[in-house]
Amino acid sequence: MTTLLDVRDLTVQFALPRQGFFGPRPVLEAVRQVSFSLEQGRALGIVGESGSGKTTTAMATIRLVEAAGGKVMFQGEDLLQLDDEAMRQRRRDVQLIFQDPYSSLNPRARVADIVREPMDLMEIGTPEERRARVTELFRLVGLRPDQLNLFPHQFSGGQRQRISIARALTTNPKLLVCDEPVSALDVAIQAQILNLLARLKAELGLSYLFISHDLGVVRHVCDDVAVMYLGKIVEMAPRDALFDAPQHPYTQALLSAAPSLARRKSRGYVRPVKISGDPPSPINPPKGCAFADRCPKAQEVCRKVQPVLEPHGPSRVACHFPG
Amino acid sequence: MTEATTFKAESPAREAWRMFRRNIPAVAGVIMLTGIVLATLWGTFFYDGNPYEIVWAPHEPPGVTPEFPLGTDYLGRDIFAGLIAGGGPTLAVGAAAAAITMVIGVSLGALAGFYGGWVDNLLMRITEFFQVLPTLLFAMVLVTLFSPTLFTIAMAIGVVSWPQTARLTRAEVMKIKELEYVTAARAIGARNRRIIWTVILPNAAPPLIVSATLTIGVAILFEAGLSFLGLGDPNTMSWGLMIGSNRAYILDAWWPVTFPGLAIFLTVFSVSLIGDGLNDAFNPKLRER
Amino acid sequence: MSALLQIEDLRVTFNTRYGPVTALDSVSLSVNAGETLGVVGESGCGKSITALSVMGLIPSPPGKIAGGAIRLAGEDLTQASEARMRALRGAEMAMIFQEPMTSLNPVFTVGDQIAEAIMLHQKVSADQAFRDAVALLDRVGIPSPDRRARDYPHQLSGGMRQRVMIAMAVSCRPKVLIADEPTTALDVTVQAQIFDLLNEIQRDFGAAIILITHDMGAISEMADRVAVMYAGRVIEQGRADDVLDLPQHPYTRGLISCIPALGKGEDTLREIPGVVPPLHMLGAGCAFADRCAYRAPRCDSEKPQLQAHGHHPVACHAVEEGRI
Amino acid sequence: MTPSYLLRRLFYGLLLMLGVVVLNFLLIRLAPGDPAVVIAGEMGGADEALLAAIRADYGLDKPVLTQLGIYIGNVLQGDLGQSFFFNQPVATLIGDRIGPTILLVLCAQVLSILLGVFLGVIAARKPNGVLSGFVSVFATIGYAVPVFWTGIMLIILFASVFPIFPVEGMQSVRLRDAGFMIRALDVAHHLVLPAFTLALIYLAQYARLSRASMLEVLGSDYIRTARAKGASERSVLFKHALRNASLPILTVAGLQFGNLISGALLVETVFNWPGMGRLAFDSILRRDYPTIMGVLFFASAMVVVANLLTDLSYRLADPRLRGKS
């Protein structure tokens, strides 16, 4: 197995509006020294709630958001060090699928042009070859070639997501970043898209960096899972280890909060792990563990010392009291 | 997955055009404006009546002498001839000023909205500065300082009117810039210039087209106001000037001021009917409410 | 036997640019005091329209209740005057909405907004109403309710805003509480808090809750009984255990098996092919026929009626004919 | 709203005014034509000696930057210079005329907002009703009519057909020595037509804007919440919706102020209203530079103040902006 992507200490900061007349500009650290790696042909899921920094992490990885520090080694090359033109050329290998199938396609372009555009930009093939490739991709993602000339608003949400996937596959990328690709879709359509993604991964040997808030979806698609909380990875493990034996109290809380058919009101189900409140503000993150205020296990040390990600069985956990 | 087959491939622009054609007031506006423009063209190139020539007794009421259907003014000049001759300069200045307004406003607004940061800051400060200057007063000063010709008048109107267009463009561009299809263009390796020209501007176009239409109307009113005050091009007849020069005698004769005013009104009215129609056509959802 | 809230044969139509469209077609539901009825379906199935019909908040025009009855403790709401509906809304029945971010008025404090709900239905002074509002905020688990009551909505998190909405909804102890996708816009840990709170409130106040959701997991955790809706009709209805464990309608079966489960599951999810047909394109037959593996000629020509079969009612020709 | 914010807005307003001064000054200096020749023309002759004397007198022989410095210094001390044409201090000229202009502009603004919003709100209740249609048509007409022509038409109407309102000036000569109340009523009587004429254009715009804004707000989730708690239709309309819908109206009211002053210029000319309009017109025709600069300065100052007030009231009306910088 070869490592496709190796991210080290990735940090993203956003400057906020100045406070007062000459005051300093406060900085929001959305992603705080995040490290992970992804093997060729595998899928890494990043789960977390809104504000956890999961999407920003993915966007910074492929340089659609500027990173403040760290390394993104893609096939042995640090993407963050490339100049604009070199990065532009690299984009043929790293592609992106968006959350919102309605706003991710240019409403004024025909879908055939949308799918063909990456080849135009990268100057791949002759016009005939490009056209043939678009038709081929349309079939691959389950659309009909007679729909090529339509406009995005003439498709349903699920179909648009297929178009988005076709566009991402045009240049034969190695890495596909999927940012909540099914969360805007109805469950029945979700299943169609998830099955398509699973099929493409197997057939084309793609690697996914898969962002989602939905644990069930991540379990279905991913081989490894990282859980983020307030800009940091708090637990990272192979899928089964994470779902069967979560080590971090936050992961446990997430799993116990996710609704599931197995939990039935009629059978007197009571949530085993309850956490209260909201995540703290990322503008002034707590000194110690960010989860301490909501954690049922928190001790004095948790509020003072920031835990680091350390191996614990098959998992890696950032917690003073894992398990 | 059969539902998409029931649609024909219809581009958003075509769809808007289909909506526009069905809008009766808008079509009426188009017809009216076409009539006015044709009459003006005819007046400019073929009509040989002289609007300055004293042809009859002063203050001949309309409808009395068939030769002068709209009557004569305080000097005995033919009002109909004035209307026909005055339309050209009024419309030309209006269109040119609107074009200048749009060019300045759209380019500055698009730059500010797309690049943000200090570019935005600087351009918006300039915009705010120009918005503080009272438009007509500032235009009067400009026209007087650089001597009133059709060109300087159009320039002056453009220079004082662009800030609103700039703000609108900036707001549109900023809104669209945040949408995922712009990120999508970046993700497949499109350069900034391509993103601005092929993604952002086409999508920002509908409100800008509506705004351009309405700007023509405002510019025509502006030109009329300047001419009314006597600050128009002294070498051309215009509707505003006709009103201004007959103003002292309104209690003796209503017609010399009424007809040019009606001409201005109808022109601007038809332009704004078209603008409203375009607005509805671009936003079919708003109309259904 | 008459339930607290009983919807009978409700029919709601909308005027659209495609002409009149039937958004709800012979919908019958009922819920008893202290019970939670889950209404589940995909977007556009009519579950929210059902809720708004009960509240008398169907935007009209273009919407119109074209037939049927909605009985709250015996009184038919479809016949009630607007003044009577105003007196009932917020007092006897209340509603919580999907978007806590936009459902509160941005220019008033949350305390004032709750106090307004109290004063609309009870003869109390403004001071007393505000004090009651603070007590309610405390009740729904908002820390330092005194201070929070003076906050504007934008100063609160999404979860807190939804708690405010719940406080407002229960301020007059309504008999029926309708929750329309109350947690869809919230994170999963906050969703769990809101669900737990709704259950507590129900225990304390004995209200009937109608929970509208697209999430079968939420139904499983919250509902005593379930109604599954598709394209404006109820297609299956029964006790939660029956419907979830022994679903009969092909659509319900598909809906349950296409959820990616938290536990170990199969590699490929069951799919329901195609999409929900737009309401203006519904034909004479079963709206699900196009997507159904058990489709027969009769399915295209005749709408199946909801009728008892096995443990619970279902509307499907194939079930009726024993083909499933 | 923090004091630091207020301070910053004030500072920014002053900066804008400084910009206006510099721009005016440069424009006039850079424009073709020699001011000294113009002044000499007013005095009835132009030989080189006289021109030189005038240049020395007005400081026109100094470098442009020095002249600018001197001018800004003078403005800061309240000295706007001496009018070439009227031969009076510019400050006095403007001081005599600014009151009537402010009166006219404010009346028109208040009239157009109150009436416009009222029309818009009742039109929004029935978006497809007769009144809604009327508001749309009326707004389009209001936008298309040249304001000076409306004024003239009203004069014709009220001078000859219904002589109930005076059509000229601000005061009746025969009442010049009457008591304050009588004179105030007399001014109000004279104000009716000009204020109405000026308000008419903007009235239509506000009606259309508030209709659209109300329609948007009425479709929002929190209105549904208000209805769900049993609020009456009137409370929904005027308490819950109008306050939110007024935010865009406030913005436009602020932005319109500059245009309103331009409109006032034309209306004053039509009705012989003794405001700054006539002064502006005369000084521009005579190239009376100190007066032009003074008029532009004061007109811009009015816009700056209006914008400042708009900004502050916007912050008061929208709690989301309070406490932010």
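Residue numbering begins at 1 within each chain, and the chains themselves are lettered A, B, C and D in the order written.
The rule we apply is simple: a contact is a pair of C-beta atoms (placed from the backbone, for glycine too) under 8 Å apart; a residue touches a chain by one contact, two chains touch by 3 or more.
Just so it is clear, the structure is predicted and the values come from calculations on it, not from any experiment.
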B-D or C-D, whichever has more C-beta pairs in contact: B-D
Centroid-based (C-alpha) most distant chain relative to chain A: D
Distance between the centres, which are taken as Cα means, of chain D and chain C, whole angstrom: 53
Whole-Å gap between the CA centroids of chain B and chain D: 22
Multi-partner residues of chain B (at least 2 other chains): 1, 3
For chain A, residues that touch 2 or more chains besides their own: 156
For the chain B and chain A complex, residues of the former touching the latter: 1, 3-5, 7, 9-13, 179-181, 183-191, 194, 199, 202-203
Residue numbers on chain B that touch chain D, as the complex places them: 128-129, 131-138, 140-142, 144-147, 164, 214, 217, 221, 224-225, 228-231, 240, 243, 247, 250-251, 254, 257-258, 261, 264-266, 268-269, 271-273, 276, 289
Complex contacts: residues of chain C adjacent to chain D: 55, 57, 86-91, 94-95, 97, 99, 102-107, 116-117, 120-121, 152, 154, 165, 168
Residue numbers on chain D that touch chain B, as the complex places them: 16, 19-20, 23-24, 27-28, 31-33, 127, 136, 140-141, 143-149, 152-153, 155-156, 159-160, 215, 219, 255, 258-259, 261-263, 265-266, 269-270, 280-281, 284-285, 287, 292, 295-296, 299-300, 303-304, 307
Chain C residues touching chain A - in the complex, by the definition given at the top: 36, 42-43, 141, 143, 157, 159-160, 187-193, 195-196, 214-218, 220-224, 239-241, 244, 254-256, 258-265, 267-273, 275-276
